[in-house]
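Both complexes shown next keep chain A, but they swap its partner, so chain B is in the first and chain C is in the second.
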Partner chain A sequence: MSATGTINAGYLETLLAGQPQLPTSPLAWLNALRAEAVDRVGVLTVPTLRDEEWRFTDISLLTKMPFHPVRTTISLQAADIEHFYIEEAATRLVFVDGVYAPQLSSGIAGSGVTVVNLEAGFAAHAATIEPYLGRLTEFRDNVFAALNTAFLHDAALIVVPRDISVTVPVHLLFIATQKDVVSYPRCLLLAESGSAVTVIEDYVSLQEDAYFTNAVAEIALLDNARVNHIRVQREGAKAFHIANCAVSLARASNYQSVSVAFGARISRYNLNVQLAEEAECAVDGLALISGRQLADTHTCIDHAKPHAVSHQMHKCIVGGGAHAVFNGKIMVRQGAQRTDSRQSSRNLLLTNKAHVDTKPQLEIFADDVKCTHGATIGQLDSEEVFYLQSRGLSDTAARNMLTYAFGAEIIERIPISSLKCQLEQTVLEQTATQL
Partner chain B sequence: MIYPDSKIVLEVRGLCATVNGTEILKGLDLTVRRGEVHAIMGPNGSGKSTFSKILAGHSAYEVTGGSVMFEGQNLFDLAPEERARAGVFLAFQYPIEIPGVINSQFLRLTYNTVQTHRGKEELDPLEFDDYVREKMKLLEMSPDFLERSVNEGFSGGEKKRNEILQMAMLDPRLAILDETDSGLDIDALRIVANGVNQLANKDNAIVLVTHYQRLLNYIVPDYVHVMEAGRIIKTGGKELALELESRGYDWVGVEHKAVARAVA
Partner chain C sequence: MSATLQNLVNQPYKHGFVTSIESDVAPKGLNADTIRMISTKKKEPEWLLEFRLKSYEAWLKMEEPIWPNVHYPKIDFQAISYYSAPKQKPKLKSMDEVDPELLRTFEKLGVPLHERMALAGVAVDVIFDSVSVATTYKDKLAEVGIIFCSMSEAVLDHPELVQKYLGTVIPPSDNFYAALNSAVFTDGSFCYIPKGVKCPMDLSTYFRINTEESGQFERTLIVAEEGASVSYLEGCTAPAFSSNQLHAAVVELVALDNADIKYSTVQNWYAGDEKGVGGIYNFVTKRGLAKGVNSRISWTQVETGSAITWKYPSCVLLGDNSVGEFYSVAVTNHYQQADTGTKMIHVGKNTRSTIVSKGISAGHSNNSYRGLVKVAPGATGARNYSQCDSMLVGQNSGAHTFPYIQVANNSSQIEHEASTSKIGEDQLFYFAQRGIDAEAAVSMIINGFCKDVFQQLPMEFAVEATALLSFKLEGSVG
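The block that comes next holds the complex of A and B.
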């Protein structure tokens, strides 16, 4: 333990190296928040396989990589990144290696809806965001969230005022351009009472060398708010991607999320959703990986209050010698009666070397609840393959079609048609090359 | 319809097959010529579906003896998809559901694949849409079925219609319809039978597998075969089906054994 502790300490120290250079914020509470996060990094260690929450996911490789905060920002032209744009999403914030790129962004400021880089939102919203920023995420116990918070500077801020429905989706585009760089993407979304918004959180890369994305998103839905959250992790093949997302649902609010993971050498996504009375969430995920990739999704859906509904479908398509992990915790607290919770984990292994660890974890402390869960791990159904062959499709074409369909069930739930088509195309191409 | 000097589509000689080591087909003989409609009747478990699936190339069954020639070539030289492209079509007794595969995409891909292998033109999505809707009218199917996953949540009768729709699209030389009548109410039966009759012509052949005579009121067979314990033990004309309806199957077996004894 002490040996690992020392390695970790050295590693974390290196990661913190650039932190003191951050400009001081005009907001005292923000400076205090960062300082506290720095302290927590000093206390916490990098998790290992001995930690229950990390027992399937070995990130020791990460600690051997010489990642450093971005030193010089690369200036990109729109032409370099246009292919990432999503037709329907005219409102866009772009961050290059974690740094806000105003020339590439088209946010919204002024009265009404706010979609800006954090600093630009201080004047109007400092008091509004204080109870949420850094408060929804439990960075005190999570070294990666603590690191991100220590570096909290540029961040996507979305505030949707009471009863406003934003019809155009908001695209948050995080682009990695430099090797060996660690970036700290950050989002805060505040959907006030009765408001509605769709947000796409999108991680992409313009290079194939190793880098590290350590992201944090915080989403607060006040009473009756509706949020559609689409998360696309399409990082470079050698990337490390670790992300924490905390979502808090107030009374009768509704959170729909679809998260897809295609990229990165090692990725880990922690999603924590807390539900108040009559709140509803649908939390769906798809990991499509191959080669030596590892994709780990840990979710915790916390039924803190009665009469809330949660539906979750998580799928993994695992090829090559890849490894997928899903840990889905459903917590039903005492007094959370009439909870309705459904969870399903479905996994498709395309090769003998592909591997998946899936673990539903139900912790139920109320008696009048309806909770179902199920997990399947399997190969393609040979009767389905035969049916397609009997109609003239080759074995390969039949398998492609079935693999694609398996993934498409999740992609179909994305409410933005151009993104849906784009991702379906990715699934099609990836399955075709793997079979 | 029986045509003089019509070419042989399917010639089965002494076919024997096992599944998981159990012998199911025990020397089956059958000759089918272009233009003909054959009915294979027989009690449950006699091996009708096994025979059908072997013709389509299902890998669960092991052929242990005999031969099957299709249009002059050894059927067992062909992979399942090659048989389909060459014109073998099986309407399954239990069509499976394929969640996530959209019916229209599935139909178009199979249609275009088969067309390409037959040296014919593919259809683009718009042309295909017109074509498939035309065929659906024949079966009185709502176009809504195009947007649903293949067979998913379809009723028994809807699945059977979807099978015949695929038959209509793929234009087979030999169609084997395995219990296509089961699960159909009388109206659906008439519609499906009507569809099949419209697809039958002098260049293709149809094998109807059923254990009820009912279907044969609508699709009139040229030959009726009785299958028992993995063999065809009697062949007659369409009257045989009526006789089976009124007398059951037992007498056929008794008669067959008596004949076998007499010969021995």
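The block that comes next holds the complex of A and C.
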């Protein structure tokens, strides 16, 4: 036990290596936040299978890799990354290996909406973001969130002012271009009361070697705000992707999220949603993995106040010798009466070597609530396959179609048609090669 | 009315069992010598002493588990006396000497008359009925070759059977409390059903209840040979009191080819008072090994007592086509805590399991379902259906579910469902409209909620369990 402890400590030290070279921020509170995060990294250890929250996800492989912070930035041309662009989303912030690339980004015109990198937005918004940046994420107990916070100097910053509806989706594109690099993407979205916005958080790669993305996103919805959050994780096949996302919903706000995970050798997504009175959230997810991939999604939906609604549907399609993990916790706190919560975990195993661990978890401390959860694990229904075959489809085509339909239910919920088409295409290709 | 009844259930038994003779009680604390002393006192063979010492060695290296969703002050294992000679309960000469409040409880529960006497501690020899009943049963069982006796007797009379199966389902190093039990267990039940024998009646610990108190570290072993079948009942609906706070029992079931074991439990240990003071800690390890092809193991439990209940009756489905079942009702009230559920480990091909769990929490209590469904890579064609429903009564109680589902092949079908509900004002109003008072209405609603489980209980148990539940929850609604 102590031996692994020291290995962990050494590993974390190497990860922290570049931290002191970060430029000091003009904001004292941000410097203090970073310093506290460095302290926490010193106290915390890298989780192992002995930690309940990580018991199905072995990240020992990650600790054996010599990742270092980005040293030189590579300058990309628009032509290199154009194929990642999303037609509808003209507003775009691009980060290359975690570093903001202004020449590739395009801002938003007029209406008082802020979509900038944090360094540019500090001057105007320091007071607005202080209560949120680094405050929504529980980095004190989470070594990866703490590491990210220790390196916090730039980020994607979106502030939507009161009663403004942003019609054009905002695309946050995080591109990995170098091997052995660890990057710390960071997002902060503040939707002020009565505002509405759609954000696409997109992780892509231009190379196939190993690298490490350690991301943190913080989203705050004030009263009556609406946020559509689409998260696409299509990292390179050897990548490590660990992300924490904290969402706080104020009274009567509405958060719709679809998270899709296709890439990375090992990926882990922690999503924490906290709901106030009459807030509503729909949290959907799809993991489509094969080969030796591992995709882990941990969500915690916290009904802190009465009259809130949450719906969750998480699906996994697991091929090859891949391993999918889902842990969905629904917490209904004392006094959170009239909570309405639905959760469902559906898993499709395509091969004999595929493996799923799922744990839909309910913790309820109020009596006047409606809470249900369900989980299923299975394979394609042979009768459904037979039905399609009887209509002239080949066995492969029939299976392919059914698998696609299983995943499409989640992708359908993405409100951006070009992205939806792109992702549906990916699912089709993936399932076609699987079968 | 209801307040009186509450008091009644939660009252410690005044007629105290602590009448032991000093010399027969081991000094407090646990070490290898205590274990040797227990073994010597019980005239045990050498292999059993070794089993105990090995378990003790394993226990020393283990840490007390902290993962269950229950809270209690740390137990001082050196402050417990691990052996006292089997105690005779004080004999009463007739029912007239029994505490009238206890009699009223029996009345309320509808416990049969001869059982009431036995439970109240009236000497067996003055209960004409019971004697004849018990002896007839014993004769009948012997006729078909069934061995049903206390563990101590079994160790002396059938050592080869005990040695062959003891610790094969739950190895001594299995967990902290199983290791402790394996080191210091004092008594329990042993049951052996020979090849092809269908046990002619439900076996019940009740047949042995009045002879001695089996102690805090109970050990039960049931073996069903090929084609045998047995239904076993443990506990009873009447409130049970114990002078020991910690109870760490181990129950092992072994079913060979085509065998069928049905194990039903009704647990109503002292749960502490309404402030949560006192009460039994019930930390039990129960596991059945469906070893042979087509074997079947079925657990049914009604858990209403104990300050803390912590148990997961499990099935290891080793044989092809074997079946595991788990039906549970867990009720908590006041400050009780229950963390209970099951584990279904699918190893053989075409194995099936069913889980139906109903949790009811009232008062300030917390009720958790914690279950595991694990399908090994080679367990092709496995099938599981789980359903766990919770009902909350009052706004200070908590209900939790922690279902772990781990599947490692693609020919298995696993389904899990859970829901939470409460006894609604509108439901009570509906009953009131039809002239049914709140108390009867609650009883009916609860009964309906638990029906799937009660159906699995033997007839008279089911009737008593129904009464017990509404009894436990009286005064917490409306």
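Note that in this section the second predicted complex is superposed on the first by the 431 of 435 C-alpha atoms of A that agree within 3 Å, B and C clash if a C-alpha of one lies under 4 Å from a C-alpha of the other, contacts with A are read in each partner's own complex, and residues count from 1 in each chain.
Convention: a contact is a pair of C-beta atoms (placed from the backbone, for glycine too) under 8 Å apart; a residue touches a chain by one contact, two chains touch by 3 or more.
Here the structure is a predicted model, which means the values were calculated and not measured.
When the two complexes are overlaid on their common chain A, residue A:Arg391 makes contact with chain B while staying clear of chain C. Look at A:Val204: by the touch rule set out above, it reaches neither chain B nor chain C. Looking at the shared chain after the overlay, A:Glu383 reaches chain B, while chain C stays out of its contact range. Legend: residue contacts after superposition of the two complexes on their common chain; A:Gln337 is shown touching chain C, with no touch to chain B.
Counting residues of chain A touched by each partner, chain B versus chain C, the larger count belongs to C. With both structures placed on the common chain, the touch criterion links A:Ile364 to chain C but leaves chain B unconnected. By the touch criterion stated above, A:Leu402 is placed in contact with chain B alone, chain C being left untouched. Judged by the touch definition given at the top, the superposed model places A:Ala375 against chain C, while chain B stays out of reach. Common to the chain B and chain C interfaces on chain A is no residue. Chain C contributes residues 67, 377, 390, 392-422 to its touches with chain A in the complex. Those residues of chain A that touch chain C in the shared complex are 52, 56, 334-335, 337, 347, 349-379. Those residues of chain A whose C-beta lies close enough to touch chain B in the complex are 381-384, 386-395, 397-398, 401-402, 404-406, 408-409.
The touching residues of chain B, when paired with chain A in their complex, are 56-59, 79-81, 83-85, 89-90, 92, 95-96, 98-101, 106, 109-110, 113-114, 117, 149, 166, 170.
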